[in-house]
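Given below, in the form of C-alpha cells, are the structures.
Both of the next two complexes hold chain A, though its partner changes from chain B to chain C.
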Partner chain A sequence: MREFYQLLSYEFLKQKSSFIRPLAFLSPVLAGGLTYLHLLFRYDYLKGLEANRALSSWTLLTIQHHFLWMLLLPLTVTVLASVIFYIEYSSNNWKNILSLPVSRIKVYLTKWSGVYISSIFTVCLNSVLMLIIGYLLGFPEPVDWKLLLQYTAYQLVAAFSLVSFQSFVSSVIKNPNVSLAIGFVGVSSCLFFAQSQKLARLIPYAHMVLTLPDPTIDNAGLLRYGIAFGVIFLAIGVFSFKKKEIY
Partner chain B sequence: MKDILAIEILKLKNSKILWITILAPAFIVVQGGINLIRYYDLFTGAGQNVWNQLYTQSMIFYVSILFPIIISVIITLIARMENLNSCWKYYLSLPVHRGKIYIVKFIIGCAIVFIDVAAFILSVIVVGKLIGINGSVPYYTILLKPLMAYFASLPIISIIYVLSIRFSQMTIPLGVGIGLTLPAMIVANTRYWIIYPWSYPILAALGGDFDVFDKGSVTFLISLLLLLAVFSLGYAGFVKRDIE
Partner chain C sequence: MGDFIIETKTLTKSFGKFTAVKDVNLRVPKRTIYGFLGPNGAGKSTTIRMLLDLIKPTCGKVFLFGKDISKHRMEILRKVGSLVESPSYYGNLTAYENLEITRRILQVDRKEIDKALEIVNLSKWKNTKVKGFSLGMKQRLGIAQALIGPRELLILDEPTNGLDPAGVREIRNLILSLPKIMGVTVFISSHILSEVEQIADYVGIIRSGKLLFQGTLNELKARTGTEIVIKARPLEKAQDFIRQKGLEVENREGKLYVSKGNISAEELNRALVLNGFGVSHLRESKKNLEEIFLELTGGGRDAGILSTSKL
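Let's look at the complex of A and B:
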C-alpha cells in the first residue's frame, strides 16, 4: 500500500508541471460563471415559464447548469485521462517505470487514481460553485442540500465509469489525439445515446446526462450501470496494461 | 515551399489524423440518421423536407460541439510533431525560411479541417441514401452551409494554431478550444455573437439559409479580418522566435 501512495505522490508531482490542475479548476469555474450570467439575466424569464413555475430556485439552477455541465465534465475527464497517460508517452517514460520493481497493477491504478481524484476535485468544486451562485443570486428558498448532494454523488458515479473507460483507451492508444478524438466524438453523441434508455445505460458518455436528479431520468440505471461499467473497464484496463508491451 | 509541404505531409502519415478527420463526422451523421428514423413522424409529420431534417439532426451536434473541438485536436496534433521532444530547435536551426514553415503548417491544418467538413457532407448524402430518403438531394443546404461554416471557422483555426505553436503543452490550446466551444451555443443566440468567433460556424451552418443569414456578409468579412490579424501576429512572433 505504501508503494501505491509513493507512486501516487510522484504522479501528483508530475502533474505539477502540466496544465492538468488549472484545467480541473477552470472547467467548473467556466461552467459556473456562464450559469451565473445566464441566470442573472434570465432568471425572471425562466421562472415565469409554465414548465418552471412549480420548480424551486435550486432545482431551476441545477437544470440550467446541467445542460452545460453534462458536456463540459466528460470533456474535461477525457482531456485529463489523455494528458495524464500522455505524460509517460511524451517523455518515453513507460519503459523506465515498468523496468522498475513495481507492480504494473499499481502503476495503472496510480494513473487511474490520478484521473479520478482530479475528476472528484472538479465535481466537488462545481457543487461548491453552484452553492455560491445560489447565494449570489439571492434564492428565496433555503439550500436544497438533498438535491445538491444527490447531483454530486451521481456525477461521481458517472465520472467513475467514464474515467475507467477513458483511462483504458488512453493507456492502449499511444497517440493522445486519437484517444481525445474518441472521447470528444462520444461526448458529442451523448445526447443521441441518452435518448435510448438501453444505450444510455450501456455507454459511459451518456451516463453524465443521467446525473440530473429528476423522477423522469433513469438515476437508478445510472447507479447500477455506472458502477458496473466503472469496475468492468477498470478491470479491462488493468488486464490490458499488464500485457502491455513496452519498447 | 514544395519540399516543406511534402515533409509535413510525410510527418502526418502515421498520425492517424485522417481516420479522426473522416470517422468523427461520419459517426455523428450516422447518429443523426438513427435519430431521424427513431423520431421520423415527429420530424417529418408537418411535411418537412426529410433531407433537411437529416442535415439539421446531424449538424446541430457537429457544428456546436464536435467541429470546433476537432479543429483543436487537428491543429494541436500538427503542432505536437514539433513540440514533442523539442523538435522545434532542430527544425528552426535548419536553413529553411521560418515563415514558409509557419504558412505550410497552417495550410495543412486548414486542408485537414476541410477534409473533415467534406467527410460530413459526404456522410449526410450516403446516410440519406442508405436510409432511403426519397426526393432530390438539396445540395444548396447540404453542400453550401457546411462550406460556409468552414470559412467562418478560419479564425478559430488561426487562434488555436497560434496557441499550439506558442505553447508546447497541448492542454493549453485544447483547453482553450473546449472552453470556448461550449459558451458558443449560448452566445450564438445573443447580440454578442459578433465578438465571439466560436459562434460564427454555428450561425453559418444553422442560422437560416444564405439570404436569411443576414449577419452573413458581415460575419465572413469579420472572419477574414480576424484570420489575417491573428495569423499575422502569430507569423511575426514565430519568425522572431528564439531557438530553445
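Let's look at the complex of A and C:
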C-alpha cells in the first residue's frame, strides 16, 4: 500500500505546472459562471413557465445547470484521462517507469486514481459553485441538501465508469488525439444514446445524462450500470496494461 | 550461471512473420563493460527491452543475477539502472524533481540524488526545469536516473545518440569511470564501433537479430588472419605463381593480397625472387577491427554502421 501512495504522490508531482490542475478547476468555474449569468437574466422567465412553476429554485438551478454540465463534465474527464496518460507517452516515460521495480498493476491504478481524484475535485467544486450560485441569486428556499448531495453522488458514479473507460482507452492508444476524438464523439452522441434506456445504461458517456436526480430519469440504472461498468473497465484496463509491451 | 550478470538462453522475439531477435545467447561477465554492437535495426533495442522485461520474448529466457526476470522482476530491477534509447524525463519538473521520482520508487536516501547529479556533472542545474536542457544534459540526466540507488548493473541503450563530439567524449569518460566508482557492470549498446572499442572489455555483435560474435576485444581481433601484400612484376604471372603454390591470392589495385597459409613472408619473397619476379614491395598486414566488424556485419550493406571515430 505504501508503494501505491508513493506512486500517487509522484503522480501529483508530475502534474505540477501542467494544465491538469487548471483544467480540473476551470471547467466547473466556466459552467458555474454561465449558469449564474443564465439564471441572473432569465430566472423570472424560467420560473414563470408552466412546467417550472412547481419546481423549487434549487431544482430549477440543477436542471438548468445539468444541460451544460452533463456535456462539460465528461469532456473534462476525457481530457484529464488523455493528458494524464499522455504525460508518460510524451517523453517515452513508460519505459523509464516500468524498468523500475514497481508493480505494473499499481502503476495503472495510480494513473486511474490520478484521473478519478481530479474528477472528484471537479465534481465537488461544481457542487460548491452551485451552492454559491444559489446564495448569490438569493433563492427564497433553504438549501436543498438532499438534491445537491444526490446530484454529486450520481456524478461521482457516472465519472467512475467514464474514468475507467477513458483510462483504458488512453492507456492503449498512444496518440492522445485519438483518445480525445473517441471521447468527444462519445460525449457529443450521449444525448442520442440517452434516448434509449438500454443504450443509456450500456454507454458510459450517456451515464452523465442520467445523473440528474429526477423521478423520470433512471437514476437506479445509473447506479447499477455505472458501478458495474466502472469495475469492468478498470479490470480490463489493469489486465491490458499488465500485458502491454513497451517500445 | 553465477559468473554472468546477464545470461540469455535462445532469446527470440518475433513480430508476426518478422523475427527481430533470434536465438540470442548473451553472456555478460560481472564488473565488465560489455559493448553490444550492431547496425541500426539489428535487434539491439529489442534485446534490451526484453532484458528489462518491457517486452516479453516470443521464446527463450532472460536471467539477470542468475534469476529469471519473468519470475523475479521486482527483485532484479531494483539492482538495474537503465537508459533505453532517448532519455525519459518530465520537462515541467526540475532535474532534482525528476530524480526524486526515481528515488521515491527505489526508497533510497536523498543523498543519492546529489551523488548521481555530481557524477554526471549536473549539480549546478539541479533546480532548472529539464525542458530547458540541451540533449547532452538530458542524456546525462538519464544516466543519473540510472545511477540512483543500489545499482549493480547499468543497461545503456545508445547513450551517445544525438550528442556532439564533446558530449560523446564526456559520456564515454563517464561510462569508463563507472565500474571503478560504483563497482557496476555496464551493458552498453551502440552502432559505433570506435565508441565501443574504446570502452568495452567484452563485445557482442548482432546483425539481423542474430548474435554473430561474443567475446573479448582481443578474441575478436584474433579472428583475423594475416595477409601478405606484394607488389611484383610481372603481376599476373606472379599471381599465377603464388596460386600454383596452393595459396589464396587476390589482385587488388595493382597489389597482390595473399592469405597467409603455412608460408612466411620471407619464404614467399625468396621464392618470387629466385623465380625471376621483381619484388618492389612486400609487407604483412593484419585486418583492423573495423574490417573485421564490417565483415561480420555485412560491410557496407548495412548503412547504419559507423565504423569511424566521431572524435
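In this text, the second predicted complex is superposed on the first by the 247 of 247 C-alpha atoms of A that agree within 3 Å, B and C clash if a C-alpha of one lies under 4 Å from a C-alpha of the other, contacts with A are read in each partner's own complex, and residues count from 1 in each chain.
Basically, a contact is a pair of C-beta atoms (placed from the backbone, for glycine too) under 8 Å apart; a residue touches a chain by one contact, two chains touch by 3 or more.
If you're wondering where the values come from, they're calculated on a predicted model, not measured in any experiment.
Peer 1: So, A:Ser18: does it touch chain B (first), chain C (second), both, or neither?
Peer 2: Both partners, chain B and chain C.
Peer 1: Determine, under the contact definition given at the top, whether A:Ser27 touches first (chain B), second (chain C), both, or neither.
Peer 2: After superposition on chain A, A:Ser27 lies in contact with chain B alone.
Peer 1: Given the touch rule stated above, what does A:Leu137 touch, chain B (first), chain C (second), both, or neither?
Peer 2: In the superposed model, A:Leu137 contacts neither chain B nor chain C.
Peer 1: Regarding the shared-chain residue A:Ile236, is it in contact with chain B (first), chain C (second), both, or neither?
Peer 2: Touch partners of A:Ile236: none, neither chain B nor chain C.
Peer 1: Which partner chains sit in contact with A:Val185 here, chain B, chain C, both or neither? Use first/second/both/neither.
Peer 2: first
Peer 1: Tell me which partner A:Val83 touches in the superposition: chain B (first), chain C (second), both or neither.
Peer 2: The first partner, chain B, only.
Peer 1: By the touch definition at the top of the document, which applies to A:Pro101: first (chain B), second (chain C), both, or neither?
Peer 2: So A:Pro101 only meets chain C here.
Peer 1: With both structures superposed, pick whichever of chain B and chain C touches the larger number of chain A residues.
Peer 2: If we count touched residues of chain A for both partners, the winner is B.
Peer 1: Of the partners chain B and chain C, which touch A:Leu72 in the superposed model: first, second, both, neither?
Peer 2: Touch status of A:Leu72: first partner only.
Peer 1: Hey, what residues of chain A end up touching chain B and chain C alike?
Peer 2: The answer is residues 18 of chain A.
Peer 1: Per the contact definition, I'd like the list of chain C residues that touch chain A in the complex.
Peer 2: Those in contact with chain A are residues 49, 52-56, 73-78, 80, 82, 84-86, 88-93, 97, 100-102, 104-107, 129, 145.
Peer 1: If you look only at chain A, which of its residues touch chain C in the complex?
Peer 2: It is residues 3, 6-7, 9-10, 13-14, 16-18, 87, 91-93, 95-103, 245-247 of chain A that touch chain C.
Peer 1: Touching chain A in the complex: which residues of chain B?
Peer 2: 15-17, 19-20, 23-24, 27-28, 31-32, 34-35, 38, 61-62, 65-66, 69-70, 73-74, 76-77, 80, 84-85, 169-172, 174-175, 178-179, 182-183, 186
Peer 1: Taking the touch rule as given, give the residues of chain A at its contact with chain B in the complex, in rising order.
Peer 2: 18-20, 22-23, 26-27, 30-31, 34, 38, 68, 71-72, 75-76, 79, 83, 86, 90, 175-178, 180-181, 184-185, 187-189, 191-193, 195-196
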